[in-house]
Amino acid sequence: MNKLMDWDEVGPLFRDGMSIMVGGFFAVGTPGGIVSLLAEQGTRELTLIGNDTASPTTGVGPLISSGQVSKVIVSHIGTNPVTGRKMMDGEMEVELVPQGTLAERIRCGGSGLGGVLTPTGVGTVVEEGKTKLAVGGREYLLELPLRADVAILKARKADRAGNLVYERAARNFNPVMAFAADLVIAEVDELVDTGCIDPDEVMTPAALVDRIVVSRKEA
Amino acid sequence: MNKLMDWDEVGPLFRDGMSIMVGGFFAVGTPGGIVSLLAEQGTRELTLIGNDTASPTTGVGPLISSGQVSKVIVSHIGTNPVTGRKMMDGEMEVELVPQGTLAERIRCGGSGLGGVLTPTGVGTVVEEGKTKLAVGGREYLLELPLRADVAILKARKADRAGNLVYERAARNFNPVMAFAADLVIAEVDELVDTGCIDPDEVMTPAALVDRIVVSRKEA
Amino acid sequence: MDAKERIARRVAKELKEGYVVNLGIGLPTLVPRFLPKDVHITLQSENGFLGMGALEGEPRPGEVNAGGQPCGLVPGAAVFDSVTSFALIRGGHVDVTVLGGLQVDEDGNLANWMVPGKMIPGMGGAMDLLAGAKKVIVAMEHCTKTGEPRLLERCDLPLTAKGRVSLVVTELAVFGISHGEFVLRELAPGVDLDTVRQKTGARFLVSDSLCEMAAAL
Amino acid sequence: MDAKERIARRVAKELKEGYVVNLGIGLPTLVPRFLPKDVHITLQSENGFLGMGALEGEPRPGEVNAGGQPCGLVPGAAVFDSVTSFALIRGGHVDVTVLGGLQVDEDGNLANWMVPGKMIPGMGGAMDLLAGAKKVIVAMEHCTKTGEPRLLERCDLPLTAKGRVSLVVTELAVFGISHGEFVLRELAPGVDLDTVRQKTGARFLVSDSLCEMAAAL
């Protein structure tokens, strides 16, 4: 089972209309090579799920600027004015989800849970349309699972089996997204032989990773 | 803020009637020194929360054999016949919880969640007395948070700040319990200076750990 | 070939290249030794790792299986905590789980975690495995020690999970379960249909393609 | 001393030895520079670590704060994923969060994440921080740029959380909130009660122990 791909194998894995989870927090921990490739090949009508929409030229921003995205599910859009404009103009749907709730919803989607009760958002517009339950005298919102067709992750290092290691705050949403998509693709800076990562230091187990592509070196 | 304790400071932290979460899986990852100390000082009417009750002489077993435990909340008691006998005789209450559900309930207790919906146990005695909800056409049980007065953890290594690193399958329930108790005590094999553990390799952040005690060397 | 080996050899044929597999304690742990050399699976151990292997040399600290016995870790193994272990299990990231059973019924219900008034070991991770593994195979001897059938119309012991079993392998036969019926697919060499009927506590369909029970190696 | 510095200096006095603190973007990030030397706090950054420090030397890969700016990690720092980050935040493991505000009302409600039809940056981690931090301090200028009060009987902007604010620090005054009422505790040097009354959009109690606004350093 060879998970390692060349870059020309990456593009055909994506189709118009797909939902894609993208790791990263303001572009830190976002697989830039895969995003660039999607921008180049013009895959359209995407639903993107991630922390934010970065800026018009960083992170997932280029896909939004080019009009390839029909919906985003994110916690923050304030750093990308294009997102705000497209939302106001009705060109793109924006579902805003509190950051911790987003993490929990993805976690539910990836771990077989039907939902979680969170206090986050009680008494705000976030509660609209949601089931509210009281437990131990406190009110909670029932937040539902979130999954995607594909998750694209960025790791510092992978072994050939697909075990991943992230660096510092570039970890963020990557590990949880690895559980929650039908196809999981990791873009990695460094590839090592299987057995070269101590099992205690693996942050995403190989069993969750379907394909690996090594980042192009910057010229 | 000095978290490091001598062994004579450990005993006074415990009182009769406390609920205690204990890391470990069949004694692997259980803080044996703290368990021995509790057995010696005879703290009574304890509620223990953990994966299992190990054997009469290993893990938390000695506390059960000596009659110091009034209730256990665990996933498995099959390896400790004393637990089974005390349960049958009505000397000790046993709440059996599926292992994944136990992990999630502790996780809820430690992360501010009011509960989770799990498919585990639907259609079995586990569902008795619980709220059942259907999400996306599948039935789930609402499982509620679990917390304790104290969590006692076992780690391979700590720095003086309290960051913990576990070894292999001795990790198990330790990291999640670190979130879910009012007082968190770690028994560690090795103590290193703060700054000697790479931040990416920390498994339990220091902010969760209140006190540290270094394991006595085996004679 | 004794009953357990026959069962283990047959179950081994269900495990395909690349599968992530969780094996229950007891009989299921025999399965890997009968895998063909060209089939590589990854064993998940619910106490917190992927990539369980045979013990080689001295036991190493923390390297134990879910039964508490020393084991090895293969190259490419990954260790995690119990929360993550059950996220993998419940979340459908385990392709196959092979579990022992006390009773299985025609609705795919399994009872294997307690006998009221007699034996209450607890469910451990079994209920989560049943709820979450993509495919559940029960590997058990066809009858109890006293000759009572274990394949039933309706389990009378407390269930471990409802409707999750899709394949039952015994030393006598292989049954699929679909739409509330057992379907006999294979008979062990030298075992006839009447014997199986007599030792089975439920009616069953006989597959059009009934054949002799396959065995790995 | 400008308004922001006055606010930051006052907030700094709320942070005690050993506290785990999460600071919102903007004004709150000024607070640590006014901490007394003998007070050691741990800064939590919601993008995934504890132990944020000042950038020293060249930026290092992945070492950025929640605003995406390069930062440092102190000795004893710990990195984790977003799920863990918010388990810490929601689970009460952050002692204090200091957030900016657009409006605060006498029920402890805060609005700081959107202005309908005008600015919708999203809530990011703010709603979780409000729901989960042990203590929520709002640090903001007393009035808007156009002179409208930000302390109100009832917020009219969409709320970030209900009833979670317990302290409001502005350049003019410090208010506690309890039982549905603002309580004026401190007045900035040279600021009189009438000025504060005039610039505040809600009635408030005056503490028996009203004193001059304290400032760290």
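Every chain is named by a letter (A, B, C and D) in the order it is written, and numbering of its residues begins at 1.
As a working rule, contacts are C-beta pairs under 8 Å (C-beta built on N, C-alpha and C of every residue); 3 or more make two chains touch, one makes a residue touch a chain.
Computed from a predicted structure; not experimentally measured.
Colleague: Just to be sure I understand: going only through chains that touch, what's the smallest number of steps from chain C to chain D?
Modeller: Each step joins two touching chains, and the minimum needed here is 2.
Colleague: Which pair wins on C-beta contacts, A-D or B-D?
Modeller: Most contacts of the two pairs: A-D.
Colleague: Using mean CA coordinates as chain centres, what's the gap between chain B and chain C in Å?
Modeller: Comparing mean C-alpha positions, chain C is 29 Å from chain B.
Colleague: Between chain A and chain C, tell me the centre distance in angstrom, where each centre is the average of that chain's C-alpha atoms.
Modeller: The answer is 35 Å.
Colleague: Touching two or more other chains, which residues of chain B qualify?
Modeller: Correct list: 104, 107, 112-113, 118-119, 166-168, 171, 199-200.
Colleague: Two or more other chains in contact with one residue: find those residues in chain D.
Modeller: Chain D, residues with two or more chain partners: 49, 73, 79-80, 86, 89-90, 131-132.
Colleague: By the document's touch rule, what are all the touching chain pairs in this structure?
Modeller: The set of touching chain pairs is A-B, A-C, A-D, B-C, B-D.
Colleague: What residues on chain C touch chain A, complex-wise?
Modeller: 17-18, 20, 40, 42, 44, 49-51, 73, 75-80, 86-93, 131-132
Colleague: Flag every residue of chain D that touches chain A in the complex, lowest number first.
Modeller: 45-49, 60-64, 66-68, 73, 79-83, 85-86, 89-90, 109, 119-128, 131-132, 158-163
Colleague: Once bound in the complex, which stretches of chain B touch chain D?
Modeller: On the chain B side, the touching residues are 1, 107, 110-113, 159-161, 163, 179, 194-195, 199-200, 202, 205-208.
Colleague: Can you list the residues on chain A that touch chain D in the complex?
Modeller: For this pair, the touching residues of chain A are 25-29, 51-52, 74-79, 84, 87, 94, 96, 98-104, 107, 118-126, 156, 166-176, 203.
Colleague: Mind pulling up the chain B residues that touch chain A in the complex?
Modeller: 104, 108, 112-119, 133, 135-136, 138, 140, 142, 144-145, 165-168, 171, 199-201
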